[in-house]
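Order as written gives the chain letters A, B, C and D; numbering starts at 1 within each chain.
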Amino acid sequence: MLNNITRDLADHDLRGQVADYIPQLAQVSPQHFGISVATPEGALYSAGDVSQPFSIQSISKVFALTLALGKRGDGIWEYVGREPSGDPFNSIVQLEHESGKPRNPFINAGALAVVDAIMMGHEPKEVLAEILSFIRFLSDDASIYFDHEVAASELEHKHRNASLAHFMKSFGKLQHDVDKILGTYSHQCALAMNCEQLARAGLFLVSDGINQVSGSRVVSAQRARRINSLMMMCGHYDGSGEFAYRVGLPGKSGVGGGILAIAPGKGSIAVWSPGLDTVGNSLLGTKALEMFTQNTGWSVFGH
Amino acid sequence: MLNNITRDLADHDLRGQVADYIPQLAQVSPQHFGISVATPEGALYSAGDVSQPFSIQSISKVFALTLALGKRGDGIWEYVGREPSGDPFNSIVQLEHESGKPRNPFINAGALAVVDAIMMGHEPKEVLAEILSFIRFLSDDASIYFDHEVAASELEHKHRNASLAHFMKSFGKLQHDVDKILGTYSHQCALAMNCEQLARAGLFLVSDGINQVSGSRVVSAQRARRINSLMMMCGHYDGSGEFAYRVGLPGKSGVGGGILAIAPGKGSIAVWSPGLDTVGNSLLGTKALEMFTQNTGWSVFGH
Amino acid sequence: MLNNITRDLADHDLRGQVADYIPQLAQVSPQHFGISVATPEGALYSAGDVSQPFSIQSISKVFALTLALGKRGDGIWEYVGREPSGDPFNSIVQLEHESGKPRNPFINAGALAVVDAIMMGHEPKEVLAEILSFIRFLSDDASIYFDHEVAASELEHKHRNASLAHFMKSFGKLQHDVDKILGTYSHQCALAMNCEQLARAGLFLVSDGINQVSGSRVVSAQRARRINSLMMMCGHYDGSGEFAYRVGLPGKSGVGGGILAIAPGKGSIAVWSPGLDTVGNSLLGTKALEMFTQNTGWSVFGH
Amino acid sequence: MLNNITRDLADHDLRGQVADYIPQLAQVSPQHFGISVATPEGALYSAGDVSQPFSIQSISKVFALTLALGKRGDGIWEYVGREPSGDPFNSIVQLEHESGKPRNPFINAGALAVVDAIMMGHEPKEVLAEILSFIRFLSDDASIYFDHEVAASELEHKHRNASLAHFMKSFGKLQHDVDKILGTYSHQCALAMNCEQLARAGLFLVSDGINQVSGSRVVSAQRARRINSLMMMCGHYDGSGEFAYRVGLPGKSGVGGGILAIAPGKGSIAVWSPGLDTVGNSLLGTKALEMFTQNTGWSVFGH
């Protein structure tokens, strides 16, 4: 079935626009498409370009939030909310209306607050080592790396995120130095992973906090469910309602064209297609997930 | 277990504020509490004040949307969106920014657009007869009625909704006369139901569009799932993220203190407690659902 | 000089768009142009179409405010502010952010609050008689009339203003019936006047509250100055800064293409050209005033 | 008369809040009060604390704008608008709605755009030398200086302005390095002047661009009038309408408690009282100007 989806989508002319705010993303071919499905039983189904690493960008916010909840527990909700924002990923309007507290951890402002929560006085280098270690553990793959070229380029185009960070800082909502937060965040977003690695990394959210394949408990059942709820409500910015309507699973997209979707009890799905729709989510990736869930009946809204 | 929850909550001092914009709602005692759970197997579990009718208010939007989708299909999405708004239920700011198109069918503006879509040239009296007939069919209970006193009182305090309706009308987003739409909407919200009736009315959303107890298919599986997705994303206004985080089920609240929550494949839960939290959702009702889902493990985000 | 301005502008191709929300305004030819200057010494200089009545629309807000201040004094500032809004004339966003209190008396919402303040329990017919009587007194011309056809057409397209009025009503900011307020407001805006009448009507604002020609004191010096300040700050919606920058005089525009500008101590200028710029102010009218003030040196910002 | 005003205000209990975002401003006594009036004939009337320098803060934006217009002419309006914003001085909401272009040169975002326009590739040190030289020339007083302690403290609390600057930079609206712009801006705002110096510095705006006392033309008559129009429309943030209504003169306030007001053809008035009203303008300073203009009849809205 994954091959069918891949074949069907190969002919699609409308592939959206590849992100172009940094050259490293702009030069990725919109022809790429990959999909991998990892199940708690240890199976891994794949089709298309599933071995080529891509920049996971905002998908990393799921893993950063997981780390932050581990370190800070519910304390992080003092600095970031958990409501959908109804606004684009980089909007600052809501921040002004709500005194510098971001609506949720998956818009950029919220992700910066999450990075700040993880740092706990440590230097960016140490924090990044911890993030990388965590994602390698989740994927059970030590080859995952930061694409430093992407990170450097992000930093050169940091102004919108710098604006968000200084804004929160002016309200006392960030503890660490703004430049250190931005440096850490840029690298976090520059994590390079392929579909297979990403699908495996999502397994702990499929099975109530346990990676059934490796047998390790990553978070409590309640926490896994709550992370899924945040992905459902806020995972696609102002396209979250559309994703829930069409795909029916919690998911998180990245501007690199990847999406991680979780079907509790069933499997973790990673798709990659670099062309984006108008709100910044992978156009064919969403389409592929819609086809996949229609074929499999996987949906949290039915049974 | 329902009795335990009822007993635990009986002692709660913090019960929120009963809606006070019309006297009929203001005079309801905050001491009421009821919870009913209907399962596809035909069981009905209840505790507390489950036989006393209350004003379902915005919960009626779920049934109105179901009717509108039946009549108009996906055509209704031309007039109303399906994204969470991040705003209070009666906000008009979003309408101005988006040319009179409401964000979703569960904020007041969107519900008015849904009423407009249902009317199709008919008079309010005919439309209301159809709505009542539909809800009696869903609940399998012919005793359900409109509380005309509540409806009349709502009309006297119609100004905020009238503002929303005239605003949409000025953008050509409503086809019918504003006063007729407001009259119909006020009655729809004044449906009086008790917890048991409401829980049964939700059964078609539990089982992919089929009411397993009566054996009748109400909507297609896809449509049932999509209605659930809208309840999940938008069912509690700017408290939708909080509800998803704490309860983990699609749900829809009403300012009368009722909440209908759907656990796909498992059951339909109706709670009623008139005191509201700051965003207008039943305070103890939400608490009860949180306790219920923690006890039962019912959640769309786990397995 | 007025003839020169008129001649220069006669060749202008860019005349803006005639207001088209009602047929009565849409069918007015954009070729019309008139300018009249009335001085405290009793002179009246005119060029172009200065005898043809046009719909003064929002310019009437200046006279309504003057009446309201006479009846209510500073009490009206409880219901309407006196700050520029930075928003279009019919925006509702600001109303929601500020609990139904309009920013100033010259945006539509504020003008509705002013009508409400004038009514004081009287019926629209009586209030309109009073407004008409006042404007005839100011212009010393008993032939001024309401264009009932325009008023009726405005009422058919009332939805945006109805939305504003119901919104304020929902916050308790309006005392009278919304339909009566809208009916009165529609007629007030449908006052038909020509440039000569309008220029004479502004004379009391030129001379600190006294119409020097008729010798009658209309308002106190302080009140006249304050009305001028409001025209300066808020008279052209979100084009007020532009008008101050280019023309340098207090002024009030109407969507019928008229503008009344006041040069304290020097004269009252009325221009009419139906084509509007993008924020709804007469395009050639503004241009004519700019030429006129550059030629005469009349400006409140120089000497 | 100035002595009477000073005496009357000396007993005022309600003096507002001294700005407290940096210690250097917070420690200034709210008891200070000074007023100076400079006339084109060369007279200088003073009462109160008129020899003590204070931080002119945002009043410096008038002089910076004058410099920028000299260097760039009307080209600067590509980067900054000239409409009142209706928002607080440090709001970022408008920037997002209008793609990073500030509404006017007197809100913080606009002032940063003005600094950027002045820099023209030069280093902050050179630009600051030019600003200081210009203000010394305007005041004919070589003793005016930058308070480097204030500037340094501002930089430590720069986050809100840094947010504004990075935001504009992300839209390509700023040419220079953000840190250099912020450094220059902080020093510009830290100009220390007393009432007498400030009143003299405003003389060129009294007399159509000519400082009549020194005999030097600073700007053209048209430019002087236009700067006055901007002060009138935007000089007191979201209190600009109130200032126009009560005082009736173009003016510019600073968070250090100073206000410069211009009566064209009559005089330049500088007041200083550190306590601020809720929108950030000197409370007693505004009161003093209101008393002064009522006594003298100076107002651009009367004659």
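By definition in this document, a residue touches a chain if its C-beta (ideal position, glycine included) is under 8 Å from a C-beta of that chain, and two chains touch if they have at least 3 such contacts.
Composition by chain, UniProt nomenclature: A, B, C, D = Glutaminase.
What you see is a predicted model; the values in this text were computed from it and never measured.
By the residue-number overlap criterion, the interface of chain A with chain D counts as same, with over half of its numbers used by both chains. Seen from the C-alpha centroid of chain C, the farthest chain centroid is that of A. Chain A and chain B have centres, each the mean of its CA atoms, that are 32 Å apart. Between the CA-based centres of chain A and chain C the separation comes to 54 Å, rounded to the whole angstrom.
Annotation: 46 Å between the Cα-based centres of chain B and chain C. Those residues of chain D in touch with two or more other chains do not exist in this structure. Pairwise chain contacts in this structure: A-B, A-D, B-C, C-D.
Interface residues of chain D, counted against chain A in their complex, comprise 91-93, 95-97, 157-160, 162-167, 169-170, 178.
Contacts from chain B toward chain A in the complex involve residues 81-87, 94, 103-104, 206-208, 221-222, 224-226, 228-230, 232-234, 238-242, 244-245, 248, 250, 264-266, 294, 299-303.
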